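Look for chain A in each of the two complexes below; its partner is chain B in the first and chain C in the second.
So, the complex of A and B:
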């Protein structure tokens, strides 16, 4: 009996000595992330190399030898490319004009507002517009819908970079004899590159990976990579689906690397911490 | 001057084009038909049918699920995120870098990959005891918490570490210093993290669609189910209009509130919340 009390007392003392260092606060979340972020991704990785319970490259072979799968990838990348180019062509001037000519935050807000409306609502509204105008649904309407959905994601990062630009650079270039065009091309555009790069990533990745937009806006005729992944998993083809997810993941990592590189190069001098 | 006028023209034309689809929806929400004409004249029929159509029970249960999941997920994400941000902030540098990059994973990763990975994970046989709501709430916490951490972290970095030590020197216990000194200083970050988590959760479609079990619909998955095959029924026009107006109202009032608060400070840096682009 005494022994037991002693034991509990010693245990209790241990607990009391265990002071809450604040590092401990991160442990539950680290465990949570391990469970619900890392392990699921590792399972995708494992699934990609598994077929019938053994290690194999069969899934990769299946994906890369089927013309339909590669075609979907190619088509998605083309749609993504078109969307990015159009978004950049429309969005850069928008961001530039806002930063240069307007003071009010309301205008920026109006350009960003669609981001906060559910993308299904935006997409179905666009579809309603096409119905109203009697436009045949197809590849063109898909690209239009993508631009409509993702334009704010191009405008926002470019606008942020442009407003944080040191205005003295442009003034100095002007003082040194550059024409307005030269100032724009040789000073402002290069300095806005980090924003442009993150804009491109923020448009390209969701365009190829999103699901539902393309099929809604083309009556199921256009089928992009995201839809394709969904269908594969829905049909129970976990192996090939996982390979495709890995490809998507690789896209994400590569574009993110680019983004970080550009941002680091630009902010290295300014960031204090 | 001419340039400025032209620039403004360009901005307003683009803006008009961007809002054209939603304006069309709002205009025709008063026609109670899907024919884009006004056969019944100007009518509120579509708005009435939100409450009286055969779809009403399904719509209301979807609405209930959406808010139930969003409230639980965002509250848990905010608590977890705040505590973890303090913890992560105090980790050793190298460990911290690893944890922070894993934390970024749900944000940078494309949603479909997140969704299928969770789907595969939840399909594990020993997890079959979880019911549909639990799965969805866990999935939502997974993608909401990183945003909370990212909005609390800057406040921690701006904080003067001496303040915490001063509190300890003045006799506060560690717990007391945490609750009376650190947490109050984090409140703005915590609030914006919570708002972010809540909106992201309400807005989510892809992850919910892939991880929901039969019979549980949220607003977006129900909309998808209903509108995928046939075209939109008139009452959706009314629902869209209401939701758009609500979002517009909330964002404008946040903006005016901020403008008022910043009124006296010099406005040289405008900061905007960046959110994940994948359409959440």
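So, the complex of A and C:
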């Protein structure tokens, strides 16, 4: 009897001692991450290294020995590269002028506005427009679609770094004898690099991994890495598909490393906490 | 002959001035920040622009640097007009308040930044036609390295060249900022509150170091600070500013001993300031007592401000025949090397620094040497505003409608006069007829003299019993019997209408 009471009391204490601390609020998030991020990743890993129920590198061999698969990867990277270069060429000046000459975020909003429309609808309308104008669909139209879709991802991070840039740096450079052009090249551009790198990553990775845009805007003629993964999984080739997903994953990791390196160079030695 | 000499002197004076600021004004929108200031800075001088925050000192410095353009007036550096010239073409360098060291460059590259951009005179080349011309070149790598290392040595950071700027302490960053500016060999070094972010000990060390650097290099330093002690220790000349206007330009000693007005006296050091009347030459009346002084040249019965430094007053036994006035001690606080005694002379409070400790309530006699009384002309004896009538018996002052006893039709141009002690300050802006910001508040023995700037930038002088916090928004009102309205001459009215 006494034991039972003690047990009850101790359990009751536990419940009583349960307090809502900051930690508690992270539990749903951890659960979500486990379910939808960690477990799928583990499954991709397992799929990539398994075939017929045993550990194997066969899937990797299959992918890297097929010229068509590698060609798709190469083409995707070229498309990604073009998209990034064009986005940067348009995005940096836009971000710079918005940051320099406007204070409110209205103009930025204007560039983000298309993002509020579903990208499939946007892409289909783009396609309809091209058809209407009689422009032949192909690599060019795909790159246009990519730039159109991902330009905001280039403008936003660059705009953020530029607006957060202390205006004293530009003033100090001018004071030390730099003309406006030199101030731009020697101070503003280097200091906005973290934004640029983050913009490049945020454009490059989605460009090579999206699937609908390329096939829609080229009538299925241009076949990118994302489309390729999609078909592999559709055909039930989970092994090779997983290997390709891992390659994408590696890209993300490498670009993140770059981003961290740039951010570190900027804040080296500064004690954040 | 005398004429010629004078001309000669004027000419020489001009060549002595490295910086000339002529009638410069600056406003942001309708808000004036610097109001028509003129200032000459001699070559090699250490000049400090001193004043409370928001007085326009930093704006003035930034206009010299070219980071702000004046709304009116002209600026000359080394005899050349630079008013519209961009900063990178001016022979000045700036040490910024927050250093503004480039975070993407290490210490060495930060200092080399200006040198790498600089074009210097190269050799004179003669072309085929026999025309010789001057070529320009950039510094070589070796030259830059030597100069940067010399600069690092000057600020005691010899081994820090490779270090990242963010890994340095505040004091070290400060030194790098100074080295980065000085390495370009500017004619003028501008310093914008450079020691503001350092702790007290470090600030004292850097003050001396800066002073030594100034002596060694011999170029002109223009220094901005709100710290009066810093200004007094370091400068050859102090320029005291308030509310966008220069109050006084003088040596530290003169600023302390002979402040131009009550504001300067209050801002620099501790002071007793009283309102008084100059009865005649050598006789001044204040605290209801007539004192002998050494000042002459005032009008008979001219209202003046009288300054007495607390350390210039001597405490004597109350029965001493030398004592000018008798006082009662209200408090006595030990301050390390002296006692700070607050004494009451009737209703007036007077601060005395002396070595004598007094008991509270003790009766004492006070003695002041006539030469220690400093008489200052009042900058204003009544508030005067030119305005017009809003309606019969209502006058418009600073966009507010004040009831008054003046039966002029609407639109009549009038001059309004309001005595300092007739204006009433309200804690709540809504309680007043117009609103304004407290610019300064100076204790004058038995009352405070506040300056309140209305929203159209007219500054009212107001005598009150309370100390109002600088920067606070307050309301202003006047009883209708206290507004003196004078109709301006007919000609003015017709011209205006």
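One rule holds for everything that comes next: the second predicted complex is superposed on the first by the 232 of 273 C-alpha atoms of A that agree within 3 Å, B and C clash if a C-alpha of one lies under 4 Å from a C-alpha of the other, contacts with A are read in each partner's own complex, and residues count from 1 in each chain.
Basically, a residue touches a chain if its C-beta (ideal position, glycine included) is under 8 Å from a C-beta of that chain, and two chains touch if they have at least 3 such contacts.
Since this is a predicted model, take the numbers as computed values, not measurements.
Between chain B and chain C, the partner in contact with more residues of chain A is B.
In the superposition on chain A, A:29 makes contact with chain B only, while chain C stays out of contact range.
If you check the complex, the residues on chain A that touch chain B are 19-30, 32-33, 36-41, 43-44, 47, 90, 93-94, 97-98, 100-102, 105-122, 124-129, 131-132, 148-151, 153, 156-157, 159-160, 163-164, 202-203, 205-206, 209-213, 215-216, 226, 229-230, 233, 238, 241-242, 245, 248-249, 251-252, 256, 273.
The residues of chain C lying in touch with chain A in their complex are 65-67, 86-88, 92-94, 96, 98, 100-104, 113-114, 117-118, 164, 166-167, 180-181, 184. Residues of chain A that touch chain C in their complex: 166, 168-169, 171-180, 182, 186-187, 190-191, 193, 265-270. By the touch criterion stated above, chain B contacts chain A in their complex at residues 4, 7-8, 10-11, 14-15, 18, 20-22, 24-25, 28, 36, 80-81, 83-84, 86-91, 99, 102-103, 105-106, 108-114, 116-121, 138-139, 141-142, 145, 149, 157, 174-175, 178, 199, 203, 205-206, 210, 219-220, 223-224, 227-228, 231-232, 236-237, 240, 243-244, 247-248, 251-252, 255, 259, 269-270, 272, 274-275, 277-280.
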